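Just below sit the structures, each encoded as structure tokens.
One chain, chain A, appears in both complexes that follow, with chain B as partner in the first and chain C in the second.
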Partner chain A sequence: MQETDSILPAASRIPHLCLLGLVIPVFVLIALLFGFLFWFSLPVFYSGGNSIFSGEWQPEQGHFGIIPMIKGSMLLAVLTLCLSFPAAVGISGFCLLHPKHRITSLVHGMVRFMTGIPTVVYGLAALMLLVPLLRTWFTQSSGFGLLACLLALSLLTLPVMIMILENQLRESLNQHQLTGTSLGMSRSEILTHIIIPCAPQAFASAIVLGFGRAVGDTMLPLMLAGNAPQNPESLFDSIRTLTAHIGLVLSTEHGSATYNSLFASGFMLLAISVSLTVITRKLERSYQRRHPQASSSAQP
Partner chain B sequence: MRARLFHLWCLVCTCCLILTLGGIVFYLVSQSLPYLNGALFFGDTPVWDAISGKTRVWGALWPACVGTFSVTIIALLIALLPGIATGIWLAEFPRSRFSTGLGLAIDVLAGTPSVLMGLFGFTMILFLREHIAPAANHSLLLSASCLAILILPYLASTTRTAMQSVPLSLRISTHALGMNHWQRIWYVLLPRSTKGILSGIMLSFGRAAEDTAVIMLTGAVASAGLPSSLLARYEALPFSIFYYSAQYQTKGELGLAFGASVTLMCLTATTFAITGMVYQQSLSPHHD
Partner chain C sequence: MILRSSHIISLGLCLSLCSTFITSCQQQQSTTSSSEGKAELGTFEGQSGSINIAGGTAHIPVMQKAAKAIMASHPDIQITIAGGGSGVGAQQAGKGLVDIGNTGRPLKEKELALGLVSHPFAIDGVAIIIHPDNPVGELSSQQVASIYAGTTTNWKDLGGADQAIHLFTRDEASGTRSVFVKKLLKQGTVAQHANVTASNGAMKTAIAGDPGAIGYCSIGYINEMVKAPKLDGIEPSNANCVSGEYPVMRKLYMNTKGNPEGLAKTFIDFICSKEASTYIEASGYIPLHAGN
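Right after this comes the complex of A and B.
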């Protein structure tokens, strides 16, 4: 394949140029996207850096601090993972333990269906089911807040984590099953004593991907979290995330004074997602090095 | 002991998932059943007048359906060729600095939260208004372009995966037949990966149809009627769900939200189900 690259005959230079003509705009567009967000958020770091990175959000008095939003996003994502990661391990474990069972194929179908449910539909369901429920159970709260958002988000992050865990764990289960069975171990013993201790990388991938989904989602925090820019102190407190902040300010306010904080939030989000992507790529490489035959391409 | 506990945990989690999801779907369907009829989509207007656009439809979902379809199709049209070209490039010319950068950029783009695309579109309009075209405003075209950026990485990565999963023996045979690089791509690799690319297109259709954050910031509004031109504002299903669930005043408006959510869920779930089947087929070694 490499020889033909270097000495392209004249006839195949035209398609080459056509392809390049389509690919270069894509590259330029992506560069433009990141450049724009970076360029617009630059003044923030030059001038009023202190006021942006402060804990106060009082636009009337000129305080545009986004620290509460950063804290909100992080807290929400971490708590979501605390709930959904063990659940994802459990569900993928079930699929691995009973690979031919009818319920497993049901679970597979459900997971595929869940990737197809729009976020805003989860939002509607949680708004109508979960919020009134929380309001009657915990009478001191309005129902909107960290807890409602966290429960709905954990459902949203589940499918991607289940898929990646199951794909990667199945690979090593296939490798070690014969050995384990010959030692007299049951399938669940093989899984708990051999596969899971040996697969920190699969868990890391799942956590990173789930974290990315949880940080990046806009609609659920916007609909469920209450959106008060404050430092959350309990599970029932209302929070505002970076994504919801962008959506909220853009769709309600039309003054340019608050726009700076938008670009600062956008920049923070971008920084988080870029670092998550870099970690994912590293993990994927190490996985491919360990399993050269496996196609690590889980469907997005 | 540990194995027993783990097994128990697996059972508990799976039961919880099945119960929760079943509950949610049952709730949504049961709530929207009374509203699922012609009036949900067309209101009081006669069906043919509504479809042909003669009479404007009020308080029903027809404009939102049309809006969602048009914005999705336009986004696909914009993103299709560049996305597939990027995928081919990444699969076939992987060893240069440009390709490494491009691959990284596509990966980063795939992980970027969708609200940032919305922010980008919003900034673009601000920029255009100040410097180039003062009349620029939020519109169908802007939403579609931002959605196109959103689905570009899906198109690129599915195309790349499909082309890379063409068996090595086939590649070697093309060398043995003396094909050059472009003959190989055009006559062998592309026809062979049609199914994978198709599943990528369906996947991006679903992604574009369900996304709310982007269109909310770039031009979807609550009551715009049928989209009159590329530069007009429009209605969309996901935005209607969001809007009516937050601002409903009557039972009927809430019913619209439920009806829209079931419609959208059917649309995306069918798309993803077909995608999954096609994708599985394209990966299995025995297909032809």
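Right after this comes the complex of A and C.
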């Protein structure tokens, strides 16, 4: 007995150590990434007052404000979620309710196919089809702008959200189906009264991933949003996102104020995604504390 | 059967996307470079070593086409080409980090103090472009400045249709933009609501599809897809650029620290020679020697 006691922990420590050996470098790399970005953007934040965080981008006049880009990024991501999240909930709900329906398998095939399409193809298709359409419908606008980018980006975020929602909800639906049916509940009742209230994590992770994709995508804003560094006032206004800004000014000369705005933009992007992740984790944890039963049964 | 139908539909979607892609590609392929004969590369005979090039992004197509031809026929020669912009080109050449630093502008005094020598090889003219259906055939520089400042907002004020003007400009890293702002707008402002495109090609695509649009691009890019109105009565053409009559243009330079030697000299001589003019023309620029 003593021998097995002494050998077992030693043996089980090896995979543990291996994993630790993998995790630590990754952790260090991520910490370094933050450190470098912070280090490079620090002088930008301090030099020349707060010109980086002003609202005007006019390089020829010496104004290098990235506030319009931050606003553009946030607005685009939030509006994209407003459009694609309800659609994703609806589509995944339909697929869960009618697992054997013709349309369901069609939707599954489509979703799987859509996740594999490169964003530049979406961009190209939207450029050739959507932009001319918007231009003829709304004559004041050139077609490029918030709306065009929003529609294309919704299409991009939709399949990811559907997949997450469906995968997570289906598991707990299968678990609770027997119990629910024995209580005389229909499939839709089980879904709306048991599964959905029990699985806020599924929705949270769908939103976080969708938002991350919407805020982080570069190609679609660069191709469709028009890239004017202004504060958007309507859906037809041309906007510039942080990612598109980085893509546009990447090839400027080193050390110029334009070039430095790259680091500030990168830092802002990172800050946005990190704070979003932290907030959702906090929400999840507080939910788990309040409903230990629900969360443990939803995700055993 | 159900699976089949979903496959067929996805396949159909895929095909339609592909066809969109291919047609757009065909539109883009208006200029293709002709392959050069090997005899013209004779000056590189017996030479070996490497050339490092960095700087202006406008130069890259020319450098790449030339480098490809040279390296294909002379395997002992290695040519590396990097971007970075005019500032980077001058800086790195000055520090001796690269053999040739490209700039899309004349050297500044600080850069000349590093001992740099400029070798201009091409002219890049910048012209206003509008949709081919737009009846406006001539613009004055004041009108252009007023359009780009956002003061003039309708084509009917310029003798065109009653249609809103859709402004297009280039990104801040663009040499084309800096020439346009400096030489045509005389350092005037570009309105904040102007759409920004990332390249000459993207600019042309945007203008070609929008009857209300106005933009600008390298003269070499202009074809039947867009229309270039006269500026102050002068046709924006290669000939007028060479004669100096058309003012909105710049020279493209290669810069070396001191006078070039060895392989770098051979390369610069080659780019400046008549043989390399096809590469320069295929990239949308005007070879400098053509006017001489």
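We take it that the second predicted complex is superposed on the first by the 230 of 300 C-alpha atoms of A that agree within 3 Å, B and C clash if a C-alpha of one lies under 4 Å from a C-alpha of the other, contacts with A are read in each partner's own complex, and residues count from 1 in each chain.
The criterion applied here is as follows: a residue touches a chain if its C-beta (ideal position, glycine included) is under 8 Å from a C-beta of that chain, and two chains touch if they have at least 3 such contacts.
Fair warning: this is a prediction, and the values are worked out from it, not measured in the lab.
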Check whether A:234 is in contact with chain B, with chain C, with both or with neither, and answer first, second, both or neither. neither
Between chain B and chain C, whom does A:181 touch in the aligned arrangement: first, second, both, or neither? neither
Pick one for A:121: touches chain B only (first), chain C only (second), both, or neither. both
Applying the document's definition of touch, where does A:113 land relative to chain B and chain C: first, second, both, or neither? both
By residue count, which of the two partners contacts chain A more extensively, chain B or chain C? B
In the overlay, answer first, second, both or neither for which of chain B and chain C A:36 touches. first
Could you say whether A:286 touches chain B, chain C, both of them, or neither, answering first, second, both or neither? neither
Once the shared chain is lined up, is A:93 touching chain B (first), chain C (second), both, or neither of them? first
First (chain B), second (chain C), both or neither touched by A:132: second
Touch check for A:15: first (chain B), second (chain C), both, or neither? first
Both chain B and chain C contact which residues of chain A? 106, 110, 113, 117, 121, 124-125, 127-129, 223, 247, 250-251
Could you pull out which chain A residues touch chain C in their complex? 56-61, 102, 105-106, 108-110, 113, 117, 121, 124-125, 127-129, 131-132, 135, 139-144, 222-223, 226-230, 237-238, 240, 247-256, 258
Give every residue of chain A touching chain B within the complex, in rising order. 1-2, 4-5, 8-9, 11-12, 15-16, 19-20, 22-23, 25-27, 29-31, 33-34, 36-37, 40, 86-87, 89-91, 93-94, 97, 103, 106-107, 110, 112-125, 127-129, 155, 158, 186, 188-189, 191-193, 212, 215-219, 223, 243, 246-247, 250-251, 262-263, 266, 269-270, 273-274, 276-277, 280-281, 295, 297, 299-300
Under the stated contact criterion, what part of chain C meets chain A in this complex? 2-3, 5-7, 9-10, 13-14, 17, 20-21, 24, 57, 83-88, 91, 163-164, 166, 168, 171-173, 181, 187, 189-190, 192-198, 202, 205-206, 209-210, 212-213
State the interface residues of chain B toward chain A in the complex, per the touch definition above. 2-4, 6-7, 9-14, 16-18, 20-21, 23-24, 27-28, 31, 81-83, 85-86, 88-89, 92-93, 95, 98, 101-102, 104-120, 122-124, 127, 149, 152, 154, 156-157, 161, 165, 171, 175, 180-183, 185-186, 203, 206, 209-213, 216-217, 238, 241-242, 245-246, 257-258, 261, 264-265, 268-269, 271-273, 276, 279, 283
